[in-house]
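Next come two complexes built around chain A: one with chain B, the other with chain C.
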Partner chain A sequence: MNKYLASASLLFASVLLSDGPTLAQQGITDTEIVIGDVEPLTGPPALLGVAASIGHKIAIAEANNAGGINGRKIKYVLEDDGYVTARTIQGVKKVIEVDKAFAMLGISGSGQSIAVMPVLEKAGIPTVIDVAPVKFLWEPPRKNVFVVGQSYEEGIIHLVKYLADKNPNKKWGLITQDDDYGITVRDGFDSVVKEKKLKVVYSGNYKKGQQDFSSDMLQLKDSGAEVFLAGGIIAENIAMMKELEKLNVKPVTGIFWPGRVEPVLKLMGPAGDGIYAVDYVEPFAGEAGKAFLEKAKPLVSEAEFKGINRYTMSGYAAAKVLISAIERCGKQPTWACTISELEKTKNVETGVMAPISFGPGVRFSNQKLQIIRADFSTLSFKPVN
Partner chain B sequence: MQYFTQLVISGLAIGAIYGLIAMGFAVIYKSTGLVNFAQGEMTMIVAYIAWTISTTVSGNLLVVTIAAIIAAVVLGLVVERLVMRPMLGEPLFATVMVTIGLAVILRSSINFIWDAYPHGLDVGFGRDIVRVGTIGVRTGQIAVIATLLVLLAAIWAFFRYSKFGVAMRAVAADDRTALLMGISAPRVHAAAWAASSVIAGIAGVFFAISYDLSPAMFQLGLKAFPATILGGLDAVLGSGVGGLLIGITENLAGGYFGSGMKEVAGFLMIIVVLMIRPFGIFGDRDIERV
Partner chain C sequence: MRTGDYKQTYGELVALVDSPPVWLWSVVLVLALIGAPYALNAYALSFVTIILITVVGALGLNILTGYTGLISLGHVGFLVTGAYAYAILVSKYQMHPLVGFLGAGVVPALASLIVGAPSLRLKGLYLAITTLAFSFIINTVILEARTLTNGARGIAVQRPELFGISFDSDVAFTWLCLGFAIATLFATLNIRRSRVGRAFVAIRDNDTAARVMGINLHAYKLLAFVTSAFITGISGALYGIYLSFVSVEGFPFLLSIEALAILIVGGLGSALGAVLGTVLIVLLPEATRLVFSLFSAQMDALFSTGAQELKSMLYGLAIILFLRFQPRGLVGVWHDLRRTWVHWPLRY
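Here is the complex of A and B:
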């Protein structure tokens, strides 16, 4: 009896530990492989969630048109969380447990990704995060979670250093949102203030959802700030620039990539001309941006094409990296193999950002940043040499 | 002094928007005894409809205005007939919850019907800046202040002199007695919803002209609600004035004490005022709170 139990235990353990074809992996049939995603598809943050999901769809359509992953077509399962953390957790659980996704992309905003991390870790599902890169997602590195992008803090540091070098001995103003996003922006800014000994004459903090910035911008004007870091996201930055135009002042202004979408320039009007931004994805006005749009056009609907913005590029890059890793696992991909192949990702070209690499214990792609500047006449952002 | 004046003018401009939406709250409350928690969302929907008209039919100011008013009337009537009328006679709490549900549906519909991008409502008016010395104000902001003042006068005259206005007051005071007097309460309710939708819609359109149009616009309702509490939930004119007071207070607090105080100032003002006058500055003493 003991001999029988020992043999049975050994057999069970070998099945558990093996990555071989004996272990059926969820989300895979002979003809299909399921990739899941949870994004804000409703409410104001849908601007990023919808765009990111379009990026995923473009990469998936591209792969499916080329025959799928080793003959299996990719099925994309997308859930809406409305930017509500509880719904993100619920959505991710549903995608993993009910839809039986093989891998995940996304996922929603920074707070939502952080909150859902224990679920992802416990499930062990290969995941590539692309929407809101924040340090907590890769420090400490999680075995199955990879992040494509650059940290908010690094982005702000890069932008502020550039503006500080270009505008020495000027007076600075800053306004941030009263949430984790705003804190990250402020932390990045403060680190450069110390290093470059910047003279900050205005520092404001607005409540999320604020729509009227008349008193804030009047304070900024009154402070005599000559360089301004507008820490809003989309509508906030538009309102700030229009207020400054009304007050007849035009400080050198920098914005961050979450608000770096082309329609913003149209709404800012001439007030937005010349504002600086930082990003790790290519601007649409450049050759790479134009080539991406050309590629995307036949792969998405007309409505989806209109919804393309910078988040589409980051979503596309992440999906490309994931698909490529699954593909390298051959005919019988497993979670362990996909994670191992993701880790081996080295200089993968996506055409929309610098080549992407991970490594042993490295779960963050640490994308190269570039400064871009708004051109109102063409309603586009162009790289600054 | 210029700093103070600029703060007051900007406060009046945003306060006029709050005031118009607050008047919408009060019109419904005065006629039906109900607080419509979807007021901000109705403001947003009318503004989006106006934007659609301006981009697909005509960008002419008159065309957009007339079409937006018609759309607002239809929206108000549809909401009243399909959503609110079936709730007649039901507990107040349930009816209020229905307006909250309506708010969520209208809010979500923006992404389904339109998109999450911000848009500008361009009707060839409202964007220009008028400068007096160092003080600047957009023509759209001047127009919304003027519109609020005209509406205040018009609504005062309507409730005081028109037959239907008196009927609305009668229904608000005692709907059973009003019914015995031959006044149709459902008709009054429908008119109130339509009027409220139009007034709120005007606010939405002016906001979209002066600022922009985005799915976050419904939050104007959250700012306007304190204005109507301040002015008096049953006081249409008082709610309009309440909006102006909130707008100015917010801006002065933000300008002199920093951005953090901007959001708090209006609510501090409400707390103080309600301690002294629990029914609002212009409200009736026997108001029932919900």
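Here is the complex of A and C:
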């Protein structure tokens, strides 16, 4: 009887334990360590999600080729959320509960990352976010969530200040998307308008998903704007530049890093030549970018290599930081140790952006920004000195 | 020998269930759902939660489209309105969650009067387009009313505490959703068997005949909109709490299509159909993934990395197959099975 009771108690206990990852060492076997990720791999945002996941794969392949993390090979578990928030939450839960990931990378877009924050916090899993750095993710700092990158606000302020200094007393135009991203761009722009006393002659707002910018660009032309901040992401910026080309006007144009990917330049054609962008990852045309591509080539498939863009670099850097932290925990890494080591991350060189650091209570790497400029002849962005 | 399931009195005809064993099985199912959170991990439990939230929304749409025959392509508009109403009242103005839930029902119900008014003159495709336009307008209103809604930045929503019980954990939140799903199911079943429900069905079957019978089309069509929007708004509040963050991005238009797919697959005009349709549509991609993963790890990976495209294809395929081979939906399959069981070995 006691034997049955003991068995039943054990069974009951195991069922209860299955409700959450109470053992910090989940996702680790003698030979393997599981790292999970949830990204938009289908639909329009896949351009970013797929690229980021390729970055993670490159860092993981690099580590595995060097023998893994203290002898354990890294297994990468990737889930598609289609950029739908409810599915991001389910994807993260699957990766943690079913795939038993030891740590997380990613995760999807800004809204999606914000929504999964309670899940990540409750689980306590070490997480490095690299796709959409927004303040909510590190303010207030969460114990187990680290963010590699730079805030959208800082990025836009840096770009507008640069363009303002380079083009004094010029008339400005701005167009933004009607979402969180657009508001951030506008807020950053407005803060510099006050500081630099910019003369804004056109300020537009477009609905997310808008494809036709003919009337918006006509208004921009009529306003006489000489410097233009294109607040679209990918298709929108392409459509705007094509319209400006048709209207035969070429203001000094600045774009933001979510749309700063090489295929965009190709689609913009000559209209995209000379546009300015701001970013915290190295351009592929620079020495660091070329070295990264050389490193990536043997580690990914041909199709994946073609999908590389700036998000691959940010993904790569985040994965490097995470792998390095787990590695420092030695033969028996735990969540507590990994989080502690992530916190101790100091000037970690990744080769694709400035050295990465966190600290006690600091969960945001606050990357250094640089201005780059499009060169249509080589379909690349080059650093501006 | 039992030769059929005959209803001999009016009372039997309007009874909630037609036999005591149905009550028994229903109680067993509810007990199983109450116990489920203890046996399931967080991922599996998230499916149960999503199913329960979706059941509430699908039952809401069923009142309008299933019972009354008014097609709505814009129900996501009521869903997002309900979510925002709850978030604004509870997160921004620190009101009691019960007030939040009441607001989540009342605000979409009031909004439905705006959409419902054209329904008095429009039918079919024209009404569907009107409701579709409403869902876009409501998104724009939310984005522009920044002082109230935080615009595109959205509003963070905490899990509620009701009657001293915290629903912060996934287990407790699932129970909360279960409570709402059961209450909604009872409400819609009771509406269906009431005078109001019969008026809805009469309008769906032939609105001219219904008017001749003395049914006030204007009043009942508006009532159908208001009731449907109220329930859908509650579902929106639950969905917003589940997401922990309410923004228009969290409520894509695809949700309206999914809701219609649920009703078609489940069986239009049936509360049981709405429940069965929800279970099938929510679990279909995961069940398919599990089946394929038994054969090959590559197929499993394909479902993980191309999940959303495959899910859309599966939804489409399910709708086509049901429309072609079983237009009465899952509830039709269930009725056929039950009849076969009762009449066997006879066919009729």
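The working rule: the second predicted complex is superposed on the first by the 361 of 385 C-alpha atoms of A that agree within 3 Å, B and C clash if a C-alpha of one lies under 4 Å from a C-alpha of the other, contacts with A are read in each partner's own complex, and residues count from 1 in each chain.
Everything that follows uses one rule, which is that a residue touches a chain if its C-beta (ideal position, glycine included) is under 8 Å from a C-beta of that chain, and two chains touch if they have at least 3 such contacts.
Worth saying up front: this structure is predicted, and the values here are computed from it rather than measured.
In the superposed model, A:Glu245 makes contact with chain B only, not with chain C. Look at A:Asp179: by the touch rule set out above, it reaches chain C but stays clear of chain B. Contact with chain B, but none with chain C, is seen for A:Ile234 once the two complexes are overlaid on the shared chain. By the touch criterion defined above, A:Pro141 reaches neither chain B nor chain C. When both complexes are overlaid on chain A, the residue A:Lys93 reaches chain C alone and has no touch with chain B. Using the contact criterion defined above for the overlaid structures, shared-chain residue A:Val84 touches chain C, although it does not reach chain B. Legend: residue contacts after superposition of the two complexes on their common chain; A:Ser215 is shown touching chain B, with no touch to chain C. In the superposed model, A:Val264 lies in contact with chain B only, and not with chain C.
When both complexes are overlaid on chain A, the residue A:Gly204 reaches chain B alone and has no touch with chain C. Put simply, chain A uses residues 41-43, 82, 178, 207 to touch chain B in one complex and chain C in the other. Residues of chain A touching chain B in their complex: 41-47, 50, 82, 175, 178, 204-207, 209-212, 214-216, 218-219, 222, 234-235, 238-239, 242, 245-248, 261, 263-264, 266-267, 269, 306-307.
Interface of chain A with chain C (complex): residues 15-16, 18-20, 41-43, 77-82, 84-87, 89-90, 93-94, 96-98, 111, 114-115, 117-118, 178-183, 207.
Interface residues of chain B facing chain A in the complex, by the touch rule stated above, are 3, 6-7, 10-11, 13-14, 107-108, 111-112, 115-120, 127, 129, 131, 134, 136-138, 211-212, 214-217, 219-220, 250-255, 258-260, 262-263.
Residue ranges of chain C in contact with chain A, taken from their complex: 37-44, 46-47, 50, 140, 143, 151-154, 156, 171, 239, 242-245, 247-250, 252, 254, 304-309, 311.
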